[in-house]
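One chain, chain A, appears in both complexes that follow, with chain B as partner in the first and chain C in the second.
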Partner chain A sequence: MIWQFDLIILSLVVICAVAAISVKDLLGAAILFGAYSFMMCLLWAVMGAVDVAFTEASVGAGVSTVLFVAAVFRTTRRTTD
Partner chain B sequence: MTEWIAFIVTKYNYWAYISLMMIGLFAMIAKKNLIKKIIGMGIFQTAIILFFISIGAKKGATLPILYHGHAHGDAAVRAAAYINPLPHVLMLTAIVVSVATLGVALSLAVKIFQRYDTLEEDQINLTKYPFRRNVPENKEE
Partner chain C sequence: MKTAGVIIVFLFGGLLVYGTLDFPDWGDPDAPASRHVSPRYIEKSLEETSVPNMVTAVLADFRGFDTLFETVVIFSAGLSCFFLLRTKRKAPEARFYRHLPTGIVLRIEKGGRLPEGSVEFERIDSIWVPHDLIIRATCRLLIPFIQLFALYVIAHGHHSPGGGFQGGVIFGAAFILYAVTHDLRDGLHRLGEKITIVLCSLGVFIYAGVGALCLFLESNFLDYAALAPVLGVDPVTARSHGILFVEIGVGIAVMAVMFAIYTNLSSVGKQDEGL
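Coming up: the complex of A and B.
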């Protein structure tokens, strides 16, 4: 673990999480959640868990973002909170 | 005092995990939108996975692949030189389970939107379309 990388990526993860639950647009929230998953995947690659990292990059960031975007297109983009 | 500061600073992974978990819990409890609740659930799950991976991480250790294979003599395996792979395997299962729960939750949200025309949980009008079994769909599919 390199602690400079760790601190930068951890702060980016927290920023992406706060942005994903506070943005008013649901499509933007889905894309920010994908960015959050990619940052988490980088963090696990730094920690040496490469199998978890590429499973998260394919399943967590890829398939989850596709599911979110499909659900948002079948429902609505607008929200009040 | 200084050992407390060292205790807090050196465990920064765990503090990030706790803050991420609280962000996810807040989103699941306080947000009105169903998609936001599902995003909060995903953040909560990845926070727990981050905690388990942080348990397995080790300073100065390498990936759990044996450098001396079976064909290279009988070199003893030093377990301290390798990262613990047990939390990695458990968390692989947790990632697959999380995408399954995400798919079920999103399909339920889509069905709720098709019946009630909203995703906000305080605008769902239960008196207009009460929840009953075998009720015919009054929207075209």
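Coming up: the complex of A and C.
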């Protein structure tokens, strides 16, 4: 394990997580959540849990982002919350 | 109210972080899990199931009940999406048709429609009009390879990372990609709603059926070694084959559920016009 690599990914995970809940644009939040999933996938792969990383990449970053976008498509893009 | 929420979040977050301090270190050889549980699987899983990938052996054989009910959870997610969202299809306000040679769009008021099999006219969605030849052609080329990769992931789960869940999701994503790049009706033409629901149930049925078959062959539920006389192989290979059967079941169920959730979500349950 290279700690610099770990630190960069971990800080990107935190940044993506905070950005995904604070951004007003729901489509942007969905994309940020996809980026968050992808960073988590990299983190799993670094820790040697390749099966979990694969699941995270296909389910978290792939299909759930599509489902979020499909849901945003049927509502308004901006949130008032 | 908002400050109270932030305080509660930080309080419980802090408690969770404090709780993890009691955890054994990452990769600690003296942790309870690495002292009793892991060595058992590491030493015996290849010998007992002839599956090189330990994760698959644990997931589908040693912890088969877990995976069975995970599949049931995914099945019920698809079913609840169907029951919550699906509505009766009403005739839309107006239908839009594109004249293919000229690109002129016709708007036909409620009730009217052009013949289905028309070569010159193409039905398009009223809110989002996908018409990009490059994207369509590229995805048409890509989709067979994505599906082939999904089948590889399911079939090769014994030797490499992957298995029913991942392969099923990739297979479902290929159908979703088709529905996104063409339109939802084309996607539903390929994999209809009724077939999707039958496939959802079929996947869970295969998994539970393999378990019940072991029960009929005078063994425990999901003890694949009992399948040996039926398959004509030794018990260890039978466990490997049993894992493959349940992975196929999981793959079918997950694939169908992903597509069912997508179609219901993007068309607000009308299964007509969507993303």
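The rule is simple: the second predicted complex is superposed on the first by the 80 of 81 C-alpha atoms of A that agree within 3 Å, B and C clash if a C-alpha of one lies under 4 Å from a C-alpha of the other, contacts with A are read in each partner's own complex, and residues count from 1 in each chain.
The criterion applied here is as follows: a residue touches a chain if its C-beta (ideal position, glycine included) is under 8 Å from a C-beta of that chain, and two chains touch if they have at least 3 such contacts.
Bear in mind the structure is a predicted one, so any value in this text is a computation, not a measurement.
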| item | value |
| --- | --- |
| Touched partner set for A:V59, first chain B, second chain C, both or neither | both |
| Which superposed partner A:T79 touches (first chain B, second chain C, both, neither) | first |
| First (chain B), second (chain C), both or neither touched by A:V69 | second |
| Which superposed partner A:M40 touches (first chain B, second chain C, both, neither) | first |
| Between chain B and chain C, more extensive residue contact with chain A | B |
| Partner chain(s) touched by A:D51 [first = chain B, second = chain C, both, neither] | both |
| Which of chain B and chain C A:A17 touches, first, second, both or neither | first |
| Overlap of chain C and chain B interfaces on chain A (superposed complexes) | 47, 50-51, 55, 59, 63, 67, 70-71, 74 |
| Touch list for chain A against partner chain B, complex | 1, 3, 6-7, 10, 13-14, 17-18, 20-21, 26, 29-30, 33, 36-37, 40, 43-44, 47-52, 55-56, 59-60, 63-64, 67-68, 70-72, 74-76, 79-81 |
| Touch list for chain C against partner chain A, complex | 26, 53, 55-56, 128, 161-163, 165-166, 169-170, 172-173, 176, 180, 258, 261-262, 265-266, 268, 274-275 |
| Interface residues, chain B side, partner chain A - complex | 12-13, 16, 19-20, 23-24, 26-27, 31-33, 35-36, 39-40, 42-43, 46, 49-50, 53-54, 56-59, 61-63, 83, 87-88, 91-92, 95-96, 98-99, 102-103, 106-107, 109-110, 113, 118-120 |
| Residue numbers on chain A that touch chain C, as the complex places them | 47, 50-51, 53-55, 58-59, 62-63, 66-67, 69-71, 73-74 |
